[in-house]
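In the two assemblies presented below, chain A is common to both, partnered first by chain B and then by chain C.
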Partner chain A sequence: MNHFLTLVVNGLSLGCLDALIALGFVIVFKATRVVNFAYGSLLLLGAYVIGRAHAALGFAAAVLLALVVTAAVAALIGVVLLRRLRQADPGALAIVTLGVDIVLATDLTRRIGTDLLTTGDPWGAEVVALGGIQVPQTRVAAAVVAVVLVAGFLAVVKFTDWGIGLRASAERPATATLMGIRLRRVAASAWVLAGGLAAIAGLFFTAFPSPGITGGVGQAALGAAVPAAVLGGLDSTTGALIGGMAVGFTATFAAGYQDQLAFLGRGFGAVAPYVVMLLVLLVRPAGLFGSKEITRV
Partner chain B sequence: MSDRVRLLLWPPVVLLALAAPLELAGFWLQTGLFAMAAVIGAIGLTLLVGVTGQLSLGHAFFVAVGAYGYAYLAGIGWPPPLAAIGAVALAGLAGALFSPIAGRLRGIYLGLTSLGLVFLGQHILTNATAVTGGFNGRDAAPFNLFGFSFTATDPELTVLDVPFGPLERLWYLGLLLVAVSWWYAGNLARGRPGRALVAVRDSEVAAAVMGVDVRRYKAAAFTVSSAYAGLAGVLLALAFGRIVPESFGFLLSIDFLAMIIIGGLGSIGGAAAGAVFVTALPLVLNHYSDALPFLAQPGEAGIGAAEAARLLYGAAIVVVLLFAPGGLAQLARRIRTPRSARHEPTTAGLADRPAPRADGL
Partner chain C sequence: MSHHVGAAASTMQIGVRPVDPPLLRVRDLDVSYARAVRALRGVSLEVPHGAVVAVLGGNGAGKSTLLRAISGTLPFAGGAIDGGSVELDGRRLDRMDPAAVVRAGVVQVPEGRQVFGELTVEENLRAGGLAVARRARGPARDRVYELFPVLAERAGQRAGLLSGGEQQLLAIGRALMAAPRVLLLDEPSLGLAPRMVERIGAVIAEIHRQGTAVLLVEQNAALALDLADVAYVLEVGRVALHGPAARLAATDEVRDRYLGVGVAADHSTPDHTQETDKPELVVEGISVRFGGVAALSDVSLSVAPGSVHALIGPNGAGKSTCLNVLTGVYRARAGSARYGGVELTGLRPHRIARLGVGRTFQNLALSATATVADNLLLGRHRMTRAGFVAAGLRTPGARREQSEQDGRVREIAELLELSGALDRPVAALPYGDRKRVELARALCAEPTLLLLDEPVAGMTADESARLAGIIARVRAELGISILLVEHDMTFVMGIADRVTVLDFGKRIACGTPAEVQRDPEVVRAYLGAAR
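So, the complex of A and B:
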């Protein structure tokens, strides 16, 4: 029973982190219909900046710097690169981001090389004991930050003019334009926001108990974001939260009960989210909360 | 391509390809073999993504099925040609099995789901040790055809004073397979099924109205494309000699996508050109890294050959899509046809066009 409770708590904390990662992925898709394959590399970039700068600047300033850098790079991708292709189809845009991802990931991996980079966060390897259940402190911090950011984001989307603009332009771009909403500006701000989120997610994704900042982080993060975002529904922020939770729980439980799941092979926890994603898509081809594609003749 | 240009261009290309093993060193033959495998796989993918408009990031999975299928079947004692055919059939079957899922999904959802297939495939490859050899991989038996072995010894063969080793022999096998694949894909794309597939790409509803069985054609496109991937896998297994799960991951899928984008979606010649570019670039840069001053040697700081190649082709994807959405095929067409007769292709091949809005605007 205690094992089960431990898994629940760990699944919850990992789920918060996964939801945070998926959120940045979904925001861009919602605002621009572009699947941002460069998201993993943006995350890695954020972690890399923190890893290089925290010794000189201190942790807080390093995180701030990372926020600025990733937001700027994301804006660069969204505004400068993709603007040329505004009329092109979203599949082609997704592949442009794939090209950006290859360039970013290759260069960052090269820069990291064999260095051992850590995030230098104040929580270190401390573990919190909650009634006999052990949770790494970073995961608690991640969960708190994720809850605050996500709640804040949802509130902004619901109540502010910007949020209404985002929802309107996602739903009916043409009508939104007629109502005076500047689609370009909404899209650019979505990219900036996603970039900032990527830095925060990168911090917690590479902090303890992860092995640190390595070149593989980008691909691993994309590997977590994709099933979470897809099974929640690519254009739904609520979907990203539920999807992230589902992925976190699935991965934690598949790893926690791996002795019982031994017939599925070692390391099944890593691919279990994809199995869940495939099953969900079989029933609901646009994810749990995604808007269905309408076919008009 | 106008027929006259075609007639002028093809004979020298074919002659060069046929004569290559007489002149080229082992490294180039090896590079050529990898490129040929990639060409076959890329042609298959462009049939699916470019012609039919079904975005797939799962091509590496089907390539793996082909490669491991061959290694396994030849390993349990099937004659190699039969094992190769069996492997291609297995890959086609895998594609057919995936097609009911694929048929329900559209555009980017399909792409991301097929990406899941690659991760699942990696898991199976490392865990189903009895079949795949697990993490350390498995040897692929050398090929032989009616007693003619594709290893150096049996029978010995020397042409124009050049001893024909395994690489030279495989080169011709590869050429034959590429030629057959190219010819078949060309006929498929130009014929009735090809027009049906293009119709499915452009509008499923319109295609259905015209009497195209959308579901069946999508499934068929998936099956054929996977069989192509399987054949690429077989050739890859023969060229490597030993296959490991790592070779068939996410990166290979991305490579294939890069090939058909750089080449120009839906163009078979373009896919082949893109495949040669993406495959040969890292190998060639690596080969000449001593001579290229801007490349760092292994162990030095700076940009190494493998990294330079990845940076170059990552940038190539971006540049091609930004400035020449039709890829190499479009550039070639631009050179050949007068400006007035031009019909510029678009990136419309990638499905997932914006969902029609209910605005009616």
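So, the complex of A and C:
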């Protein structure tokens, strides 16, 4: 029973982090219809900047710097791609982001080299005991930050002019144009936001109990973002939240009960989110909250 | 070709001094798509201060293109202005982006309402006001709620849950949020019930009364001519007619265009509908609903073997919906459609195709980069047996089949006067030829019943006459039955054996072309009462 409760709490905290990761992925898709495969590398970039800068600048300033750098790089990717957005089909642009991802990840891996980079966060390897359940402090911090950011983000999307412009242009871009909404501006702001989210997500993704900042972080993060975003519905912010939770819980439970699940092979925990994603897609092809594609004949 | 019906008198009628420059002026506008298809040629048009100006014309006449050119949204559709200008009060709009055009005071209500279904009514209105200063939005919203109390009642509801008519009101209200000086309306009556159309008419009149100029694009000529001070008729990208609306409505030219009166009907010789072994299509009491909108209610018709049956009606009457039910794309809520005794409703589209029912699409569904011959071969897929292994190994059977198919494709191309174009990619052909390729591809599946969705939309009068000849020959040589949906009355009246007229999803007339043309209900549906 205690084991089960531990998994619930850990699943919850990992789910919050996965939701945060998925949100940055979904926001770009919602605004531009581009699947941003460079998101993993952006996350790695954020972590890398923190890892390199925290010794000199202190932790808070390093996080701030990382926010600025990832937002700027994301905006650069977005705007450079956006110049072609009108003509190119989103599928082609997604492949361009794959290319960007490879370049960025390769270069960052080269820069990290054999260094042991850590985030230098103030929580370190401390563990808090919540009613007898051991949870790393970083996970608690991640959950709090994620809840605040996701809730704040959903509120912004729901209530502000920017949010209405985003939702309007996501649903009917051509009509939104007729309202005087500038699609390029909406898209660029979505990229900037996604970049900022990537930095925060990168921090918590590489903090304890993760092994640290390595070249594989980007791929691992994308491995969580994709199933979370897809099963939630690629263009739904609420979907990202639910999808992230589902992925966090699934991964935690599959790992926690891996002895019982041994017949499925070792390392099933890494595959489990994708199994859940496929099962959801069988029933709801557009994801849990995604908008359905309707074609008029 | 441009007949000027007393435009000077019109400006007098609407009480604007002739010396006043117009509010919106379009001069010698040339527009093309993909640098190839010319959609507008030398179009000039003026919207005086506080006037309602109607633009009429069939499908493909260039009406939507004109609105795109004014609202700056042409680039999104792959179009560009090649010449001419659009000015609002002397300011050039044609070099602005859409957001700047909205801020300048020209706001478009798109065709098909296009409300943001996931947003609430209130959020839709906010989206409409994003381009204007924050302090202007409160009064604008009060005005909209005053005009449309139903929107105030439903402010918190998702717009997707509104009925079609309410969505149209919301779309208009959303545009009014930007406090336009000129409101561009694209087919506001499309697909709405008669009472809702009246309501929309009253709304436009009220907006006009409050001082906003309106440019109204409509296929419902009855509504448009009733509301407008001045009307322009577009035909294949040119202004064919313009003048005071009241006078235009009375001219023979407009009657001809909308009713096809005066066409020497060379048909209905009984041997056209000779007994063949082909089955008969019998449609009985079909009803289709989309959300709150009744697209078809209790529609019946039958297509005798070897005959040409035309389904006509104003935009949104339910014609394409009817074809989509017959091909299994939409499900009917009630009623039956039997072809040779087989019930079509409930069958999947490919099963219906296998019964020998072929169709063409209003918007061409061809592979643009493939050659005409390859597109036609694709149409013969139903007739081929060789699998990809046999075809890949070029077995004797597969090669024989290939040459048989090539031969048949050549015959059909010849029938449709496409022999010279077989090796050219579809994208390189002019629009009229592409429409014939679409028809040829449908014929390649050897249908016994062919459904044509607007076969001459966007064609010039010459091309349309040529296609009428081709369809008559196809029918005579292949002995197939044809059910066609079309706006072009001249074309329909010249080719059909029988005509069924739909209006707002209901059958209002059925008979020979001559009978239908005289039917007072039909005249009312097309040109309005008291004309």
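Throughout what follows, the second predicted complex is superposed on the first by the 295 of 297 C-alpha atoms of A that agree within 3 Å, B and C clash if a C-alpha of one lies under 4 Å from a C-alpha of the other, contacts with A are read in each partner's own complex, and residues count from 1 in each chain.
Here, contacts are C-beta pairs under 8 Å (C-beta built on N, C-alpha and C of every residue); 3 or more make two chains touch, one makes a residue touch a chain.
Since this is a predicted model, take the numbers as computed values, not measurements.
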Chain B versus chain C as contact partner of A:L234, first or second or both or neither: first
First, second, both or neither for A:R182, with chain B first and chain C second: second
Which superposed partner A:V100 touches (first chain B, second chain C, both, neither): first
Chain C versus chain B, contacts on chain A by residue: B
First (chain B), second (chain C), both or neither touched by A:D161: second
Touched partner set for A:V79, first chain B, second chain C, both or neither: neither
Which superposed partner A:V147 touches (first chain B, second chain C, both, neither): neither
Overlapping contact positions on chain A, where the chain C interface meets the chain B interface: 172-175, 297
Partner chain B, residues of chain A touching it in the complex: 33, 35, 81, 84-85, 88-92, 94-96, 98-103, 106-107, 109-110, 172-175, 219, 223, 226-227, 230, 234, 264-268, 270-271, 274-275, 277-278, 281-282, 285-287, 293-297
Chain C-facing residues of chain A, complex: 86, 161, 164-165, 167-168, 171-182, 291, 297
Chain A contact footprint on chain B (complex, rising order): 55, 101, 104-109, 111-113, 115-116, 119-120, 122-124, 126-128, 204-206, 250, 254, 257-258, 261, 303-304, 307, 310-311, 313-318, 321-322, 325, 346-348, 350-359, 361
Residues of chain C defined as touching chain A within the complex: 71, 73, 75-76, 97-99, 101-103, 107-110, 114, 116-119, 123-124, 126-128, 130-132, 174-175, 178, 324, 329, 361
